[in-house]
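Look at the two complexes coming up: subunit A is in both, with subunit B in one and subunit C in the other.
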Partner chain A sequence: MKKEEQITGRQLLTMAIMAQLGIEVLSLPHQLAENAGRDTWLSVLLSGLTAQVGIVLLWWLGSRYPTRPFYAYSSQIVGRPLGAFVNLAYGCYYAFSGFVVTALYCNTLKRWMFVITPDWMILMMLLLICGYAATSSLKRLAFISQSFMLFPVICFLLIAFSCLYGMETRNLLPVLSEGWTPVMKGIYFAFSAYVGYDLLLYAFPYVKGGKRKVLGIMSLANTCTMLFYIVVSLICTTMFGQKQLLLIPEPIVFILKNYKVEMLQSLDILFLIFYVCIVSATIYVYFYLSAKSFQNLSKKGVGKQSVWVWVIVALCLLGSFFIDEQHDLTQTSSFQDKLSILFVVGLPLLLLIISGIRGTGRRSA
Partner chain B sequence: MDSSVAVTEKALKEIFAEQSDFQTQRLILDGAEFGLFYFDTLIDPYQVQEFILKPLQSRPHEAIRDSITIIDLTESTDLAAAAQAAVDGKTLLQRNGESLLYLLSADLKKERAVNIPTNERVLRGGNEAFIENIDTNLNLMRKLITSTEFIIKTYTIGKLSRTKVAVMYIKSVAQPSFVEELDRRLNDIDIDYVEAPGFLSELIHDNKFSLFPQLLVTERPDRARAYLMEGKIVIATSGSPDALILPVSFWAFLQSPEDYQNGWLLGTMYRLLRLACLILAIGLPAFYVSVCSFNPQLLPINFVNTLQSSLKYVTLPPLAEALSMMLLLELLKEATIRLPSPIGQTVGVVGGIVIGTVVVQSNLVSNTMVIIVALTAVASFTLPSYEMNSSIRILSYPAVVISAYFGLYGLAIYFMMIIIYLCRMSSMGIPYFTPPFSFSETKDTLFRAPIENHRKRPAETAAGNPTRLRSPRSWKK
Partner chain C sequence: MKKMIAAVMSICVLLTGCTDQIKLKNLLFVDIMGLDYVDQDKDKTLQFSFVTSSLNDAYQGGGKPANQYHEQTGKNIYEAVIRSNKEMPGILSVLETRLYIISSSIAKDDPLSHLHIASQFQSNPLYAYLAVYDGDLSKLLSKPKIKDNTVSNYLFELLEDEIERGRIPSNKLLNYILGGDQFMNDFILNRFEPYKDEVRLGGTALFSNGKYTGYNLSNEDTLLALLMNGEPGKLQFIFGKSQGLDYSIHVQDTKQAIHIQHSGNNLSEIALSLRMKVRLVDDGKMLEMHTKQELDEKQQIIAEHLTARAEKIVEILQQANCDYFQLGQQVAAYHPNLYQSLNWREQYPSLTVKPTVKVAIINSGNLE
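After this line comes the complex of A and B, so read on.
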């Protein structure tokens, strides 16, 4: 396998933010309104802090093996056959996650704009473009993410400034009206929006600068994402009543409809379309990670990265034909939420414990 | 190599048996016998008479090195090499009894005068342009950079044409690895002749299938100098008034020498304008087509009404409308380049007024489309590099097609594809497109920061010697 080029701290920051931000921004306030109600923002905040703990966890694991990516040392922790199995599982998980994000975005797009366009057409274009990006190296992916970074900034500003059109801060009160239980439940749902920081598992050894710097950058990235989500949820909660939020699946789009610009009538359409940049940044990172983990099935490397990526893309395209209805999609995505907790928090924690007990890594690294 | 003039003459005549412009002369001056061999189409008779024959006549018995007053004087004992030198324009001289040939440079130099640049005009800045004679070009460059660090290396490329190619760089700034890599690539070229800059750039660039230009072509010595100072390498070729600059990034194609003459605020403004034009040139017709055919709700109702009224009687669908107008524009552009200038103006009138007006009046194409296409064309021509603006215009065709079928979503995907493609490209091992992310990266790419802020040379091309200026404007203290 070719050796990966190093990326700078800034590049890691962008990649992490772009990987974390995804389709969830659109639906987060709606999803959380069912659970956390008025205290959505609190759930989002606490969930972000949980993600921060997760980052420290991954960082801890990574810093035990500072010269190699996760897929290379996984078999050192649990042994060769089991390690290959772990890599295989991660590969499948990332491919599946990439697929779910693609399907969710295309579904949103279809509902809002392309009502009669066949699903697979929209999906295929997005998959192809993400596959094309995913065949490049980590450094080039970072370049791509940096180029697309403009869009989250614009989106954030658009969303933040929409509060000019009147908001009702009293909607936030009373805080913790129903105690901590709904907030805690909300943390679980909000957590899926933070997933993506697991990029650290792979990228850790390729970042320029020391271990501490990596942790600092990841925390900064997480904080930025957290800020983004908190602003989104605050604005949605203040601009809509709770009953409305329960009915509106994508409140952000409605908020943008509010903008009255002389030249453009519907900003929301432009937003939804150019949101593809943000979504694709998540998808290609997933595809890339998936291809990398498949490649690392054996020590020498199995197959070429590009071949794996196109296989994954083809499978995703095939898979899309089996998910026709809204109902299927919701189920799949909630399944993916559970999976992601297992793969992003559960497995790394387990591996860290095993690695601690067996005491591998420290010396050999 | 024989010491007798008669034998040498015979040998050379055998080599050049079919050449009617090869001349041999045997002179007997005060008892000493000389042989003079040359191509009369290549030499300057005045120089030969004045600096070779006259000194020989007056001091025939002195050593040739002492009597001949020509500075470029070499000796050769190899007849084949001497024959090649004769083809290169040298006059060969032999004294009977010495078994060596003197190669004297008295060749005829026909060149046009150094002119003002025709393709890269600026309002402020130098008005010298390279010409076809490489020696003159190198002279221009040497005069612009009078430093011992400025290196010119020459290569001979082309088995038959034996074209002189000069590679220029600044030793303390340029990355040695680039110079070595370029040396390797140039030495590997095995071809009968080179057409510069086209052949040369195609033979040394990295991505064969790339639509984007990877080497910057310039006819301005001052521009070449500016890039040399950043650690880049300039290649000049004999017979071509264009120099190649490498390795360059995407942003170099948005830079114009004038940006540095006009003050940084203006420079920045024009830079941003060019970037905007680049995006317009790729996407404007496509945006229009997708708004017309898919998303009219994007625009306010008054706007849509205006659009509708202009589209009302138009027979062609927006896609065909856009494509035909864009093609028409490209035809006009191509025709005006080829035609002699008086006819070119006629074509301009025919194209601009007759076609433009009539096409609209006959309801083949809408008014708005004409405006859009004209705007696109003008926008594309604001880019200082001809190569870049052509590629940009080519890129706008697929954009129109894809947005006619997939609307704005297709256009967004298309733009993403271009960005991904750019991000993946490399030129001589350095990334072709680096997104301007930190302030230091935007200084000379997106913006043109004040000179005093350009303290570092670009990190990719001048890694070894990054400091450009230490304390500019220190008089302020």
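After this line comes the complex of A and C, so read on.
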């Protein structure tokens, strides 16, 4: 296996933000309206704080093995055969997550823009581009993410300034009218939007600077993502009624239709196209992590990274033929949300506990 | 080689949308969409009026805007568009629709249910304006020109100019369809009315729970209601006559507040206050200097007069059961327990709502 080059703290920051910001930005207020109602922003805030706890958890695990990535030390914690199984499971999870994000974004494009274009064609284009990027090194991926960083900033400004068209702040009141139960339900749904910070599992040993710096950068990335989501939730809740939010799957697209620019036909369509930069950053990180985990199935390394990536891309393309209806996609996405909690919170916590009990890590570090 | 692959992939991505291309020259852009019943008494088949816009003689630069009128019946807009496409060459596109006009008969009969479908259009400007017309809609929209303007430009610019000056509400379609962002779909909608052989803005129509109540506000009352509902001062012009004072003022700045007075679950009064900083443009005394005392007296007279007008507006709104000021939402937001104990829709018409208008004359325009 090739030795990974180190990345700077700033590069980790952009990669983490881009990996966290996925397709959820478009649909989060709609998904949460059903559960958290007008307290959507509160659920988003609390799930951001939950994600912060998750970051500390991954950082704690990583800091026990500061010179090796997760896939290299998983065998040390649970033994070789089980470690290989853990890596295999993570590989499948990341490949599946990449596929779900790709399918969701293509579905959005298909509904809003490319009604006649065959699904597989849009999907293939996106998969090829992301697959090609995923064959690169971590440092190169970080460079690409840095180049794309301008787009989330533009998207954020577009969404934030849409409040100039009128907000009804009373839509947010009364706070907690239904108690904490809906908000707690909302936390579960909102948490999936923060997934992506698990990049830390792999990137931890390759970041220049000390352990504390890594934690600080990841916390900053999570705070930026949290801010983005909270602003999106507040804008959508104040600009739409609850009934509307339940019916409109992508409220952000509807909000952007409000902009009147003489030289542009539809800013919302342009937004959706540019959003490919953010979505693809999430997808190629997933494919990259998946390929890396498959490569680490044995100590010597199994296969080449690029071969694994293209196999994953081919399987994703094949899988897309089996998901045809909106309902299937929704169910797959919901399943992926559950898997995320298992792989991003459950398994790392379990491994941390085992590592603590067995006392592995610290001595070898 | 890698660069080559990257270039091929980029081109592929850029070409993906070509499958969905529609030639611009084939499109018929619907500028205004009118909605009425064919014959309300017999059946409730909808009649859609499409006003499409095009630019004639554009090869010489500039071009002359022109409207084409087409009407069609159907259960919904989609059906009407599909039928129309079979009767005329070109593809009707709602990509650039700027105005939806509904007839008063449709407005009285759950109009929003017919308009929800607009959200299903792929690239429809959902922020097109919505208005009601108290007359023969097809007769209005089929006019080739009004005052040397195309009908679509005339109606749209009439609305847009007044909206920009803060004199009439900005009724955008998306505010009302799919459940609406209004608390109970109570709103005032801009109303066109026939005038001589043309058309003019005739105030607003009052809607309660998404339906036209038949009650209207005049242009003057609409402006005051708008200011009471939070419209900022944009030098709106208000005039009136009271206690021998014939006044004209420009509204410079406004501040609104709602105070709910209650004891337990008993709502005793809702106070609606509007404070305005105004310029006294005319009071019949243009060539004389005003003393401080005179101005104090005049602003008192104007405030009393406007308060009386505001009371009249509230009375009409309550008669129409139209909670335009969203008082229900105010109660629900700040006094949720009180709101739950009320049956807002039933009790709103009989609530004590007390408006007050306070006026401060900050200067007398450009003179003095």
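The definition used in the following text is that the second predicted complex is superposed on the first by the 365 of 365 C-alpha atoms of A that agree within 3 Å, B and C clash if a C-alpha of one lies under 4 Å from a C-alpha of the other, contacts with A are read in each partner's own complex, and residues count from 1 in each chain.
Criterion: a contact is a pair of C-beta atoms (placed from the backbone, for glycine too) under 8 Å apart; a residue touches a chain by one contact, two chains touch by 3 or more.
If you're wondering where the values come from, they're calculated on a predicted model, not measured in any experiment.
By the touch criterion defined above, A:Ile129 reaches both subunit B and subunit C. After overlaying the two complexes on the shared chain, residue contacts for A:Gln265 are found with subunit B and with subunit C alike. In the superposition on chain A, contact of A:Tyr286 is made with neither subunit B nor subunit C. Once the two complexes are overlaid on the shared chain, A:Tyr206 sits clear of subunit B and of subunit C alike.
With both structures placed on the common chain, the touch criterion links A:Ser177 to subunit C but leaves subunit B unconnected.
In the superposition on chain A, contact is made by A:Phe143 with subunit B only, not with subunit C. In the overlay built on the shared chain, the residue A:Cys277 is in contact with subunit B alone; subunit C does not reach it. Looking at the shared chain after the overlay, A:Arg10 reaches subunit B, while subunit C stays out of its contact range.
Within subunit A, the residues touching subunit B in one complex and subunit C in the other are 113-114, 121-122, 125-126, 129, 132, 265-266, 269. Considering their complex, residues 5-6, 9-10, 12-13, 16-17, 19-20, 95, 119, 122-123, 125-127, 174, 178-183, 326, 329-330, 332-334, 336 of subunit C touch subunit A. Against subunit C, in their complex, subunit A makes its touches with residues 111-118, 121-122, 125-126, 128-129, 132, 168, 170-171, 173-174, 177, 239-244, 246-248, 254, 257-258, 265-266, 269. Of all the residues in subunit A, the ones that touch subunit B in their complex are 10, 14, 109, 113-114, 121-122, 125-126, 129, 132-133, 136, 139-140, 143-144, 146-149, 262-266, 269-270, 273-274, 276-277, 280.
Looking at the complex, you find that subunit B touches subunit A at residues 295, 297-301, 303, 406-410, 412-413, 416-417, 419-420, 423-424, 431, 433-435, 437-438.
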